[in-house]
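As written, the chain order gives the labels A, B, C, D, E and F, with residue 1 at the start of each chain.
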């Protein structure tokens, strides 16, 4: 429970600094510091049991299906890292309070810092590896925020993005690798994984899994060739560098190596990958660090180098090396954090971090000088400092690598060379800043900072010295516990004493220290040589790759999604053709065995007419009015065909819809260009014609294939049951529409109303100024004869509409067709007498009629609920009316009436709105009115 | 009588009608109704989840006519999940719209509720032709929502969207016709029974029908190469509409999933595995192109559109494994990405407004006035859609990786997921750093519109949903797993609808 | 809304509608008749705003006689036209006639125009803006003045008597 | 007897429709095309009536009536379009 | 009796289609638009009339079911055909379509 | 008869598709109208074209004598929905033309 609390405290604390910020800087700092301190105290309370070798586990189910538990684990290794995270965290919070500028938003800074702290604790305390990966990515995210904290600085922004990209990529690889790892081990719990070492290392997926996991570790710990993000991350405020980029986050990579050491280490892939990359990084980064002029840059590369050292140690795969690795983690955290803080102090007090500018600060900043000197000594591996012990143990380990039996000198030589450069840059740091004569004046007058900044550094430096002198007594127990969980078994013999006699590693240390000093003395020559070398860095490669991907993405997107609808349609059509054709190509086209229906001359004639009219529509499409007329012919012929194919309802519907469509198209043509310009190239036309021919033929062939097959469908049921005792009808199509499948019909009506409302909305935005034509031959706008005939026709056609509507249940007709006929009667008034005249006399809003229709249909369907029948049940009751007799399909009739009204309302809304378009009206704006009636607005 | 099954359709449908009748002249009444409808839909969905989460399937015979003759509504875990999700997104979209979006056109809430009704109908119906009708309601409502403001951007995109979908509807009918012609039924469960009995001579025909149907669904779901319409359409819609559209493509995914497992599953005789060989590769390419598109977009809304495409790729790739884990992971991701994208669309609207004329274009502009707050929200949203911890997208991706690990497609899926995750990271960190870090300070504080609490409410609401979804991932994943297993052995579904086991 | 509503604005028209209803249904059962009666009574009331002008048949007998002549004319006209069409087109002498009219009620003008169009070889092509001249196209005529006179005597006169 | 007449009738009506279509395609003017369309509508009524007699079913009445109505409306609308550009104002 | 009625029906059918044919032929054959308007208006209308009478007789007498609703179609056509013709004429004049003796040109000035 | 219907569907469908592939909204709408007709005929043909009676029940006829009513109901619904969509598309074309000044599909005259 207290483990969970330790983990939760930083996350809960995130809210405090931003909230307390208004109470002042101190409040914000306390808001960050108190949760940290509490967590640290709680952690320390676990110390005794952990140091005694206990493993504390606390687990809660989270997502069993993924094998993800909220499992926490405190063992020696986790305890060590948690201690570092919280302990150094406390120091950094203190330091930052004094370091950060007065006008910096300190609350946000601490919030990010606590977010990071919590995530880091999560990594080191996770029992479930997926949970660990989860926290892993959060550290990348918080690092992104912290690096980009000085967001006005373009370098900072770039550095933040780069760090996120690299560590994010690594994180994704890591979680992929962990997924494989869990799959191999059969569980994502560390307890299981750590116990399955043999199973894992002998598994087929071991190497790919290892590569993925290592990508995660190497990117995080800035191992070559992924190291370049770390120097770029130095744009972060110095407390961040001190915390994340030296002591904690970058250590997550090596933590992972340590954590999984029992399960993954000891194989030759592990050795060559981890050991090789580590040693290479150690040397390379030390070499580069020597050439850095920026203090933080130097420290960054130094960090990379030391992380390489630790990585190499874990890579060696032996228990002894692992112990040393853990030990160096502790040491490095202490001296590097102190040095970063020192660098921050120098920057803070002088205004620059450039070693070439700085110099001679020993007089102005004596305290700082002492602390820097001690920290650097630890870093350089000078005896009596903690760095010396772990470095010498490291050198010793390089001497005894079974897998390097063929070339045993390689690792020792590279390691020594790395240590040599390490010495060189450490000397440079101290001498360059504090001792050599300054070349120019620093931007600010240098002097020692306040105690608040010095104390945290002092504490860390003290640790370096104390551990350096009495390692066994101070760091011993913690190391034993941490190394114990890293090795995963009995600890090998090791000695943390300063003096092991005259050994080969002592000689190597001596060479490194001496050589380093010599190298520093020769620095001028070396810089000159370095300047002449071409600058090819990982950062350049990264930016090159990123640029390439970006321009590729932009180019590809612009090319593909070019805003051409024609292309999209061609793609859709192409997909459909492929989808339709594939099965036939695979399985063959089989004509059915059913007997064919004999044909007759009339059918052939109508067919020929249809084909000609259809093709005429295509060929005349540029002369639009002609095309409309041809389309009408097609519609008419289709209606005849429907009649012929025993589908009278369809014929009626098609006829009515056709003429309303023609009206629509004519209304549109009034506004749109009357003639389309020629534009397609011949090639394009041929392509389109080919596609069209294939598409059409496909439809025809499928229809042929189906029509020639015998039928076995559910339709007999409808024929059998249409005339059911109550409410049934003889027109089966109508019964299907209003009863069997009333749901579809309700939906269909909704579609119509939606269309009408859409038209209504859209046409509020389209206006067209009508130009009155001057013509003596046909002068009257409303021809008397048309007007006169339209008057009686209104009632007559409405009567017919009623007739068709009422008969629908028994004979062809029904609500939809009746509605269209009624609409046509009304439209005739529009045509004859104009919209204003007609509208004045309608006295009803058609939109309202449409909605009322839908409501009526819905209600008549919902009436069934009252008698505990399913929605849209129509056989509810018969209605007896005197004289008239029994109308036994009341609900059906009401439903159909709803459809009728919706159709009239919808169609008339569309047409009247469309006809009204040319009037110039005020643009639609309800906002003003909305404000008056809007209850939500204050 | 399980009348509750009709509620997800009837609540928004009746609400839409009432919005027109009662709220005809009163925006306040329209808003109250919209909120009630949203809450009602959520409640109906939640109840449905409660009833179905043990794997039970309920059928409701509309009009009292048993399947396959009448239209049957079928409630199972999958439909319940989608209904609930639709309700949630619609509620927040409606709430957000009340800040100046729903007054631009008269019928905003009417269209929105109709679309909800269409979506709910589509995910509940057990009948292929009803599915078509519901799709049309949904589409027509979405057309309207796209153009209701009359802005040029929306109208231009609307022309594309409408015409392409009209062509798609024609194709839908051809597919329905073919399947009816060869099987003689429109009910999906009945069709599943009947395809099993087809002889080899009908193989090509039924498979052609099935594949054509899948093409239609892929158009709705925006699967490569039918995804190109989406970014511009979503990028041109107003914020609440775009946010709500996040659910729209998922209905396509739903249809693919439902039909390809129920009718064209692995035990469908000559119609077996119609889509299975093609879905995964297409989805992987969709994911890749979607992510490249997000990276290559010059406008943030468009980038979000591409992220939708990518998320569709992710979930369909997982579904394309056609294993219980794969489908479950796809479904899990579906919910997550819908919430995440919806939240981002709302948020981007607030951000764009505070950037002045530069709107959502990815160029240097003045930083949003509420830089810290909006930046934080953007950060959270980006985390969600990239699939980073701690939000559920990360878990979804982990699950997809787990699900594909033991299959032959492991390399494709893994490479696609890992590489595109990095692309997403780069794309969104670029966008975020450009907008929030690189942005110039506003010179005149007064002119910049600040987001009100009421505007932020839906954004926070969706974020809260994401967080809750993450916290309760355990039950959610279990539900997805139950649904997936049900889908892969459609016997229960068929029995619930038809009364017989295949 | 324009004007007030009368309960039974056009009894004659209602009768016409009722007959139409019965013709359409071809049945005299009570249900049909009842619905038809209601519809026939209500429709004129509903549509009276669209048709405010009254048209009164003043001489019903003359109307019947006129219809008889007219049907005869139609049949003859059709035979004539058929003959003209089947013969060589080059012999046809078409012309536009400007027929001055004295009718004032638009309904009767319409009736005249309809009659002209259905009658032998003539189509009413346009009515002048002042409603005083009807432009008639004639398929074949040798004497335009006689054609005009014939139209006025044979059709306009009776129509004037019947309606005005 | 009636059958023979019907067969002749069908043949002639088909011929009529073909002639109408020829005029429609030939034009030359749009009013000509509208006229041809109008004639087609009426001829179609004839065809449907013959068909009803042939099948001995009366269910085609509505279709014929509707063709008459729709043909009229269509013709008026097209003529209005030519006369005024917009068919309704 | 029956056969006489059959003859009548057959004759009416033939007369009807003949008129229709004349109408359609005229439509193709006549030289200008204004002349072409004449034929369908009359011939076709009368043709339909004959056919409708044939149909009425057929169903009412031979099939024993009263079939009078065809009359409605005739009435409707007779009401509307002249209007259609009128509107088309106006449209033709408006468009300035040429007639055989150039009268329209003259009138338009 | 089947061949006639199948080929009519092919011609209608092909013509519709060709017009849908043009660059102007109006033409595309014409194409969609043709395509809709083709699809409706296609749907109807899925109930086979066996000669028979319209599905209006008469006494004394066997069920087998009627044509399949279900495709007819489906087509009817499809026609209505198609009409609604058509209206919407037409008005959208008009509005887009008003706003963009062109009837080109992509809202600009280029390409």
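Keep in mind that, in the parts below, a contact is a pair of C-beta atoms (placed from the backbone, for glycine too) under 8 Å apart; a residue touches a chain by one contact, two chains touch by 3 or more.
Predicted model, so just to flag it, every value in this text is computed and none were measured.
Between subunit B and subunit D, the least number of touch steps comes to 2.
The chain pair with more C-beta contacts between its two chains, of A-C and D-E, is D-E. Across the assembly, the mean Cα position most removed from that of subunit E is the one of A. Once the centre of each chain is set as its mean CA position, subunit B and subunit E turn out to be 58 Å apart.
Averaging C-alpha coordinates per chain places the centre of subunit A 15 Å away from that of subunit B. Between subunit C and subunit D, the centres computed from C-alpha atoms are 22 Å apart. Residue positions 20, 24-25, 113-114, 124, 126 of subunit C each touch two or more of the other chains. Each of the following residues of subunit F touches two or more other chains: 16, 20, 25, 39-40, 42, 45-47, 53-54, 56, 70, 77, 81-82, 84-85, 88, 92-93, 95, 99, 105-106.
Counting partner chains per residue, subunit E shows two or more touched chains at residues 18, 25, 37, 45, 65, 67, 69, 72, 76, 79-83, 86-87, 90-91, 93-94, 104, 107.
Across the complex, subunit A meets subunit F through its residues 563-566, 569-570, 573, 594, 596-599, 603-604, 607, 610-611, 614-615, 617-618, 621-622, 624, 627-628, 631, 634-635, 638, 641-642, 645-650, 653-654, 657, 660-661, 664-665, 667-669, 671-673, 676, 679-680, 688-689, 691-693, 695-704, 706-708, 711, 713-716, 718-720, 722-723, 730-733, 736-737, 740-741, 744-745, 748, 751-752, 754-756, 758-759, 762-763, 765-768, 810-812, 816, 906, 910, 913-914, 917. For subunit C in complex with subunit A, the residues that touch the partner chain are 1-2, 13, 16-17, 20-21, 24-25, 30-31, 34-35, 39-40, 43-44, 46-47, 49-51, 53, 106-107, 109-110, 113-114, 124, 126-129, 131. Here subunit E touches subunit C in the complex through residues 18-19, 22, 25-26, 29-32, 34-35, 37-39, 41-43, 45-46, 65-69, 71-72, 78-79, 81-83, 85-86, 89-90, 93, 99-101, 103-104, 107, going by the rule given at the top. Against subunit C, in their complex, subunit A makes its touches with residues 777-780, 783-785, 787-789, 791-792, 794-796, 798-800, 802-803, 806, 829, 838, 840-841, 843, 881, 883-885, 887. If you check the complex, the residues on subunit E that touch subunit A are 76, 79-80, 82-83, 86-87, 90-91, 93-94, 96, 104, 107-108.
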